[in-house]
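Look for subunit A in each of the two complexes below; its partner is subunit B in the first and subunit C in the second.
Right, the complex of A and B next:
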């Protein structure tokens, strides 16, 4: 049994218009596994994670099933509350924003251990210092007495990671944890996350735009487009040869030093506006390989060549000619 | 911290100087004088009185004399309460006014904050609508309507509380005045708390606190509420002003021997020294409450405590 089992998960937002942000996602996360979710902004990556832990915005509703260690997390009465923190930790994109501004860092860290694990305040405070050392925050003991605004962005992100780890989760959701940081710090934080997962035996779901991050960290990659997973594959296979045209486009648009002189490769067109209705393949309007069938028939996510792909005309799995 | 308080108290000195100068000019500018009565006094008596109180001298002399008295802590004699100094009058009424004023402010915070927080948590539901409806009523209905209404309902119909009056040590005399004074402030504090808490609850760090698995109670009381109270604290200064203004009416209606009636009566009687003494006392009170509000603000928000805004 996988640690986390997501089945037919759909997320809708009500408002002036009903918007479906996530549209039927199936995904398993194994113990101590690292899975990356990639895709453009608005593809539903973050909402997928938020839905799992019951933290959708007030006008959001999740359908389908999410099980953590066999326990259903969706439904009435916020059943996900039981796994938040201790079961599933969450690191947000805006780390500075995820620290409470009027509480000292040490107090926030200790509180997370006390409230979720039932630790004593005394042991939790000692734990807080150890955790700050673990996320390589310089002068960890002194930092405990400081307030979030006294730290730099990179330090705040380290504290945010430490905070998420204090309840000792088995699974960590990291939603673009490096986007808000300086490029120089990004690599450090990614390496830190990888090391922490290894040391603590923690599974990791990493949402990112950065395929470079993916390459160094994830065992599997899920590519999301317009609320669906369009390709799910081993990271190594995907980076060598993506099968979905969208995945291939994402990979091709990663700037490389060799190609730095020419214009940057991009995927033509723009992602569909939220709430768009689809008849055929969601990617068809932007796809170079699209044919008549793609306009009318929605491709299912089917197995093939070490992964799943939702495309009528996937790219070849073998080395490209 | 102490340096901050000292600095603020130093800055208060020029503020008070302006208050003294302006109130002196305004009282003298008002038509009439302290010895104008329906029956005119014989000119010699009037001249004697004015000489006794120094009113025969030019205004700038009077001002210098008054300020010199103030610096010695002497508010001067009352022109109308013969044989009483203004200091005595204020000392007599201040404990009563302070008691009901501070009690009203305390009550307003103690009731308004939980009401507002409850309304925010029940957003859009019955409790929210009820509290906000009452809040609109509390803000809109003036004190001089609430006071007689309370006296009628609780004093005359229900006979639970005295309609008016004051005996030292009788707490029941205070209930209606304090409730009347507090009501508009409760309403305003509840609205402020509700709006502010709703905004704070949408903050990313609240979502992060919930994602950490903290229980709802801790998220609300430790993480959300202190931040949500900042606007309420800022409102303490204006709230104190509202209570002061209300106390003028409330003391009159409920027959309390506070200092509020001195201001009204003093102004009507052109009792120059009494009016000015009252204005100065109110100004000092306002400055102190604003200082208190700033201290509370710094206590709640470390970014201000550290002298910079993030």
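Right, the complex of A and C next:
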């Protein structure tokens, strides 16, 4: 049994018009596995994570099934509350937003251990220092007495990671954890997350629009487009030979030093507006490989060549290693 | 040939809260020249002073010392009226396009607004025509003119902001992280758009970014900035192939690689502790505290930018020890 099992998950938002942000996603996360979910803004990747832990906005509704260690997290009465900030930790893009501005760093971290694990304040404070050391914050003991505004963005993100780790989660959701950070710091935070997963035996789901961030970290990569997973594959296979034209486009558009001179690769057009109705493939209007069939027939996510792909005309799998 | 834009010893200081604190030197003795039609890159981490430098050129922040020369005029010494006439030649594009457009105005109204002020002779029909022409130059179809900012995606908004910056036919534009807030898939569209506009108009500019790979695709020459100082200037190709400053090497190492073969190396990457914000002694090298190659001289004596080959400068005491550049994966 996988640690987290997502089945036919759909997320709808009501309002002036109904918007389906996530449309029938199946995904398993194994123990100690690191999975990356990549896609452009509005592809539904953040809403997918928020739905799993019951943090959708008030006008959002999740359908389907999400099981964590066999326990259903969706349904009436907010069953996800039992794992939120406990078995499942969450790191957001804006680290400052997950820290309380008027509490000292050490107290905030300790509070998490006291509230979730029932630790004593004394042991929780000692734990907080150890966790700050673990996320490589210099002078961890002194930092405990400081307030969030006294730290730089990179330091705040490390504190937010430490905060999410205080209850010793088995699964960490990280939503664009490096987007607000400098490139040099980004690489450090990615390396830190990889080290933490290894050392703590924790599974990680990393959501990002930047494949460069996850290339070195994830074991599997799920590509989302317009609310659906369109490709799911081992990271090495995907990076070597993506099969969905959208996955290939995302990969090509990561700026790299090897391809630095000359024009940058792009994906033509823009993602569909929220609430768009689809007949055929959702990527068809932007796809260079689209044919008549793509306009009328919605491709299913089917297995092939060490992964899943939802495309009538996938790119060649290439030579097998 | 003298440069179109020339900065000499430009220094900008910010007074901090609390009277007893020393002012923060955001831009520290920066000198460079820029030729007509040249797009110069400026890279560095946040807080290093790159935006302040861009703003100083447009007089959006006052100089503590130094001179800025633009096409024969000394920008920093001009009177308000004289500078106002010059102002239409110099434009600025900010990082967050959302914050640059009035949410209650349509895109066409936002683009037309500076047109009213700068070209009052145009009648309504000519103005509409000019707006459509600018939107099309920025890659937006006419229909987008009637829409409001919230109806556009991030990439479309940035196109609208670029169209508006082009209203007075500027000769120089500061692009301050124009793609950092955008999806990776859209970043390339905007960078390629800027490359096209630059070619078409012979536009000069300063392109600010924290991503060297993005800068290199647009600019022939790049300056690397650290804590207010320019530590290295070189062509993009030379900078990537053979960085001379240890900080440039660190920036290059931070650009993610997509090569599956390099995954193992990246995972083993040492996690560097964050810089602890210790103030830098004005006497030493700004990078000395983080530099694994620093020697005692680096902490006491400030390295001046010295020529290192054609069109190249580096401010590092030890740069002469590695004339072929610092190799990847070297301690940096």
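General remarks:
Simple rule for what comes next: the second predicted complex is superposed on the first by the 318 of 321 C-alpha atoms of A that agree within 3 Å, B and C clash if a C-alpha of one lies under 4 Å from a C-alpha of the other, contacts with A are read in each partner's own complex, and residues count from 1 in each chain.
Following the convention adopted for this analysis, a residue touches a chain if its C-beta (ideal position, glycine included) is under 8 Å from a C-beta of that chain, and two chains touch if they have at least 3 such contacts.
Just so it is clear, the structure is predicted and the values come from calculations on it, not from any experiment.
Clash-free side-by-side placement of subunit B and subunit C is the outcome of superposition onto subunit A.
Comparing subunit B with subunit C, the partner in contact with more residues of subunit A is C.
Contacts of A:256 after superposition on the shared chain: subunit C is touched, whereas subunit B is not. Angle at subunit A (Cα centre) between the Cα centres of subunit B and subunit C in the superposed arrangement: 80°, in steps of 10.
By the touch criterion defined above, A:70 lies against neither subunit B nor subunit C after alignment on the C-alpha atoms of chain A.
When the two structures are aligned on the shared chain, A:288 is found in touch with neither subunit B nor subunit C. When both complexes are overlaid on chain A, the residue A:111 reaches subunit B alone and has no touch with subunit C. In the overlay built on the shared chain, the residue A:217 is in contact with subunit C alone; subunit B does not reach it.
Once the two complexes are laid over each other on the shared chain, residue contacts for A:191 go to subunit C alone; subunit B is not touched.
When the two complexes are overlaid on their common chain A, residue A:266 makes contact with subunit C while staying clear of subunit B. Once the two complexes are overlaid on the shared chain, A:236 sits against subunit C while remaining clear of subunit B.
After the two structures are overlaid on chain A, the closest C-alpha atoms of subunit B and subunit C sit 7 Å apart.
Interface residues of subunit C, counted against subunit A in their complex, comprise 45-47, 153-156, 183-189, 191-192, 195, 210-214, 216-217, 236-237, 240, 250-260, 262-263, 266-267, 269-277. Taken together, the subunit A residues at the contact with subunit B in this complex read 53, 55, 81, 83-86, 89-90, 92, 94, 97-103, 111-112, 115-116, 147, 149-150, 160, 163-164, 166-167. Against subunit A, in their complex, subunit B makes its touches with residues 203-205, 207-215, 218, 222-223, 226-227, 300-303, 306, 310. Looking at the complex, you find that subunit A touches subunit C at residues 40-41, 136-139, 152-155, 158, 182-188, 191-192, 194-195, 209-213, 215-217, 235-236, 239-240, 249-251, 253-257, 259-267, 270-271.
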